[in-house]
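The first chain written gets the first letter, and so on, giving A, B, C and D; residue counts start at 1 in each chain.
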Amino acid sequence: MTLVSPTTSIAAALAAVRPGATLMVGGFGLVGAPLALIEGLLVHPGARDLTVISNNLGEPGRGLGRLLLDGRVRKAVGSYFTSNPDVVAAYEAGRLEVELLPQGTLAEAIRAGGAGIGGFYTRTGWGTALAQGREERVIGGEPHLFHEALHADVALIRARTADELGNLVYSKTARNFNPDMATAADVVIAEVDEVVPVGALDPEEIVTPHLFVDAVVCTGVAR
Amino acid sequence: MTVQQMTVQQRIAARVAPHIPRGAVVNLGIGIPTLVADHLPAGTAHLQTENGLLGVGPTPGPGEIDPDLVHAGKLPVTARPGASYFASSASFGMIRGGHVEVAVLGALQIDARGRIANWALPGKPVLGVGGAMDLLVGARTVIVATTHTAKDGTPKIVADATFPLTAQRPVDLVVTEAATFAVTPGGLELVDIADDHDLAWIRTHTAAPFR
Amino acid sequence: MTVQQMTVQQRIAARVAPHIPRGAVVNLGIGIPTLVADHLPAGTAHLQTENGLLGVGPTPGPGEIDPDLVHAGKLPVTARPGASYFASSASFGMIRGGHVEVAVLGALQIDARGRIANWALPGKPVLGVGGAMDLLVGARTVIVATTHTAKDGTPKIVADATFPLTAQRPVDLVVTEAATFAVTPGGLELVDIADDHDLAWIRTHTAAPFR
Amino acid sequence: MTLVSPTTSIAAALAAVRPGATLMVGGFGLVGAPLALIEGLLVHPGARDLTVISNNLGEPGRGLGRLLLDGRVRKAVGSYFTSNPDVVAAYEAGRLEVELLPQGTLAEAIRAGGAGIGGFYTRTGWGTALAQGREERVIGGEPHLFHEALHADVALIRARTADELGNLVYSKTARNFNPDMATAADVVIAEVDEVVPVGALDPEEIVTPHLFVDAVVCTGVAR
């Protein structure tokens, strides 16, 4: 059942994050990233030894970049870490394990995890350095690579608006990985700008139906 | 602005623009490819960006920036009328599924078969790939927009790539400030020489065989 | 309406209702399972239908029928406030992905391990399966709502199914007009006898061992 | 490029349908089925020897059921044909080939075809009669079945509203298979109730972006 209230505290919602947990964190860089929840992780003692599945690991000292600098991240799974030099430094110092996936494969593996699909084949990456160790299969005459689905213990996402059931709509390109991640974790926590009454969202427009969402934190900060 | 006053990057972008069919759905990579938008007659292409928008509009003015509205290079954009937003999985479904007609990508190297390397440097940790591999396998036509040589003057078009390839799929067209090559089953074919360059320069600065 | 006045189908549905947790997301199969909705206190469950709606409301009155709004049995429904519509692939993503908490399904047979057959008849062409197999592997809890015996009076709960199984996954609970069985690693466990039935009747009409 | 005009004729749009073609046809039963396009097939000489991918094959004498009775369908791929006795009769008479998939597997295979995914693994159907001849694979300790993606030459779909670019929104549960099929065919023809100017649809609400749609036929019959 969704815990939706404009007053659900970040600390209460983040209690689901345990040491060693695998987190999915929405956002494309900082756009659509749940920045208040990420800040909450910095003061949550359970947030350590984390595996973070996210397209990037924030920017230097911002978003997930802060979590990295605070030594909370053991492993990062994503598609583009080079924009944050701190990630490169942590990796080269042996403080961070990195699993790199093409962005489309990352998104698809998250969607698969949420949709009960065990794994899938994509042409992307075949014949490249990222194909190493991956099973190949020819389908329709074209070589594909196998990828298993990704799943997380907790997903931290950001949306524009929730209704009181936990239905979510997003804002422009801040949508990105958030709806996919909302499907692929045992516990899904959404940070939103506003909470509206049930029935205020058009049923045709809801992107994330409430059955995916476990808790909603309203930051009340319109951007 | 005359051609002479344009930066080399803008000149390359201008040379790519005529290869974009009217009404096409186009994904522009980071760097020189992004500049192609400035050279397309307004509204003649539908720009898709893999972070979840079809219908990218012009760069906003300083007071019009929306932090929730960026392109894949994470810079602010606008959305045109008729635009739509979608999740990352849907966006890459479009790309891998062949629904993007043209991708314009940058390159570090192009080999004699038209395969490109544009995501990693040899001997460096491999920590970023983004959407390059998906675009390269998925877009129906791939155009490379690149300077003819690297910053140190060495050819980018080489017999064999020394940088890691982005895909086995060859691109369709390679456009530089000096030349345009079509990629054919037989290899690179020189189809155009820029007004301010000549065949001798191209021969000297191209390390792959071409016709 | 007293319990005695209800049809056997309605009595079974009424016996299922207390097993639905308040606030749960529930998918009700065609037939007896659909009737469970009538026995749930208004608004206590969120009904999902696999043709693309979360938040199924009551059956519409004759003048309120919308041909674009049906449940998986293709009969008209309404949508409650807070409802949402989605495509088939997304709907089955919810189901297979474990986001539906309870599925209530009908059955032709239930075997001693709690596996069910509810989609095909032996010796007949196999021409319809619908969402039964997905619901059975995907829902977190599966409740079977069925008459205790077939129309010819033979037991539906059998040692070995003679009809094709819908999945290898056992269901969690079997509810008939006479009894409720929990499915445990050790087999079927009788957890409830209806007021108008007794253990002797259940023993006579159940062909699988139970405790 | 999308051919969108309130006056695009059904005949012009259906010219893409050639003998022996594989069609995807949207709808769950008759709900959300492109009934005007299906009628158009009945008077289109190219519509014969068809393979039809659709959840059902209409109802007796209605929707795709008419196409079947008219002898245009060679093979049906779907999840539930028993509700139309004509399908059972045609199958038993050897006039119709049938491939039966669980409904979720059907939807996923169509989505995969549209998304450039070669194939995928699902737990659905494992250990049943529908697993026959299918590759099995254990993923995360659970047995799965492999399915290849589905693709069609032409998809006939139904939406509520198109804008003049071909962006689509749907109506309630008439959405069903239509958005998935819109992605998975070489030529996609949408039958809609109304066409609105570009910009009239909310960009957050568009379900099928125009790049998937090749032609829009406006029936103008609001339901």
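Going forward, contacts are C-beta pairs under 8 Å (C-beta built on N, C-alpha and C of every residue); 3 or more make two chains touch, one makes a residue touch a chain.
From a predicted model like this one, the values you see are computed outputs, not experimental measurements.
Remark: among chain pairs C-D and A-C, C-D carries the greater number of C-beta contacts. At the far end from chain B, in terms of centres built from Cα atoms, lies C. Centroid to centroid, with C-alpha atoms defining each point, chain C and chain D lie 28 Å apart.
Between the CA-based centres of chain B and chain C the separation comes to 54 Å, rounded to the whole angstrom. As a whole-number value, the distance joining the C-alpha centres of chain B and chain D reads 35 Å.
Touching of two or more other chains is recorded for residues 79, 85-86, 89, 92-93, 95-96, 137-138 of chain B.
Residues of chain D in contact with two or more other chains: 108, 111, 115-117, 122-123, 170-172, 203-204, 207.
This structure has the following touching chain pairs: A-B, A-C, A-D, B-D, C-D.
Against chain D, the residues of chain C that register as touching in their complex are 49-53, 66-71, 74, 79, 85-89, 91-93, 95-96, 120, 125-134, 137-138, 164-168. The residues of chain B lying in touch with chain D in their complex are 23-25, 46, 48, 54-55, 79, 81-86, 89-90, 92-100, 137-138.
Looking at the complex, you find that chain A touches chain D at residues 108, 112, 115-123, 137, 139-140, 142, 144, 148-149, 169-172, 202-205, 207. Those residues of chain A that touch chain C in the complex are listed here as 1, 111, 113-117, 163-165, 167, 183-184, 198-199, 201, 203-204, 206, 209-212. Here chain A touches chain B in the complex through residues 28-29, 31-32, 55, 79-83, 87-88, 91-92, 98, 100-108, 110-111, 122-130, 170-180, 207, 223, going by the rule given at the top.
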